[in-house]
């Protein structure tokens, strides 16, 4: 079923991601990312923190974990109000596209239950499930999304050589697989116990600070 | 939220009826290069039409909410009827390739201040190839100006050749920049065939009247459809 | 990575325990019916049974701990209407043990309706070669109030000058309010934690901390390296900060109060 996975993970899938930098714009403004090496370090940190957490939530959703329980788990794993709002906005946009691609009463129910948007990772997992993908696929798509968006944003923000940027992503690919595997294992345990506790809750102090700082800016290129 | 009509005449899926059963607002996009007068056209249209229609505006700024703030500052509409969408360096993506943020903005406006008759969507200033998706707007206006050079109509591009209305703005500046309006009219005709082109100068007191007239006519067709 | 907290821990150690409750005879006076140290943790009563102010207890490290392989636990319960403040007399320094491997430090805090807990210990410092797995579970009944501070310092000056690296701190903080999960957060800082020193996580800062406030006043910081986050629960705020060192971190966490 990798065809549906490629579609869901494609940066051109119309789910609103193109307008978000995942904290990269704030990191660039703070002078912490200015070249491909800095981007690689930023993406490594993001992948193993919020990327891992999103992958776990997505895999659990794809594995049939109660979406309301996952919504609470995602809220608790997102202390920054700016990031919670961003996640729900992107979740709503992703759900719009997913419902057209893979019509499913579960997706309709999610839209009705969360008119302001469910968390992006939860929607991603349920979209994967609607597309008959496995939890491991959902985890991989979430991990990919966690680094692909900021990488694209840095290409635009810094004018980085696009070949260097894709090379950074290519070098990260084995770590992406490891993160997705860890998330999938944790999600299987969460589904088995019907308890969100085993799901990763990894966070990064600066990503929370960046999100709040960026949210207060008047002039910015990206929505987050 | 919406009930979908299967497709339009081009085979594009269309959403034209709200869940309430009411026909949704007509959506008109305004695109065009930076500085051609898109925001001024939106402001003038709001002033001309706000007494007779329920209106809202979505702006797509490139890196600020400046256009939305211009409209707010000039009080062309109450603030709750104006929404800014952020576009992540790619204004054309937000109006063409991934329209989700704009669709959400339009639907949120309709839910918050509806029912609406007309929503104007202003794109961020972009190049001549940027056009709106038909999944987002029902009709689009492309705004260029004579100061940008009288060669623009001849250069063509999707905006100039395919928009439902081409507006050539700032005709008052033509003598100052040496632009030949007759040449622009001829080139536009060659590019656009039967599609309409309007010359206007928004500094004139009623300069927007021809565009407002075109909008009224589109709205009448939309309602009759 | 996620695996860090799934390393099998040694059998649960007996926990140092504090129970704070209102004196049944005289209203509004908090007494300490249970106050028992365990393992390397001794408890000192600084203040209790008085008409004004909270009861106060200090955590005292009675021997060098935690060392790799140790398992330390503290459990605190503040019963309805009682007020308790817990501090510590010194920073907790996490040191490597005789065998390689992490140490465990488990903290359980439970606060009942109308009760107040202030948990304000000195920082945890990760010495080179150490790995501490810190797990904190906070359970708040509806109407419970809390001020909870945690400060994590990566390495002493000595660790940086001699070893060039600090130790590692893996910390998970879980907070429930009236049965609802309002915060579930893990940080993994120090050598072995991917990306920990990079621009998404610490970017050269050596201290990270937070002040969680529930039902008590809090102030938004003005500095760029701190932010006040409104959590999903009721009147719950998390002040998060990163700093070059422990002193600067303390200023960020206490400055505006």
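In this document, chain identifiers A, B and C correspond to the written order of the chains, with residue numbering beginning at 1 in each.
We take it that a residue touches a chain if its C-beta (ideal position, glycine included) is under 8 Å from a C-beta of that chain, and two chains touch if they have at least 3 such contacts.
Since we're looking at a predicted model, the values are computed, not measured.
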Comparison of A-B and A-C by number of C-beta pairs in contact, larger one: A-C
Central chain of the complex, centres being mean CA coordinates: A
Distance between the centres, which are taken as Cα means, of chain C and chain B, whole angstrom: 56
Centroid spacing, where centroids are CA-atom means, of chain A and chain B in whole angstrom: 33
Rounded Å distance between chain A and chain C, as computed from the means of their C-alpha atoms: 29
Sites on chain C touched by chain A in the complex: 1-3, 172, 174-175, 180-188, 193-203, 205, 208, 224-227, 229-232, 238, 240-242
Of chain A, residues touching chain C in the complex: 23, 27, 30, 32-33, 38, 41-49, 52, 56, 72-73, 75-77, 79-81, 84, 175, 178-179, 182-183, 186, 196-197, 200-209, 212-213
Interfacial residue positions of chain B with respect to chain A in the complex: 1, 13, 62-65, 85-90, 93-94, 97-101, 103-104
For the chain A and chain B complex, residues of the former touching the latter: 12, 14-21, 89, 92-93, 96-97, 100, 111, 153, 156-157, 218-223
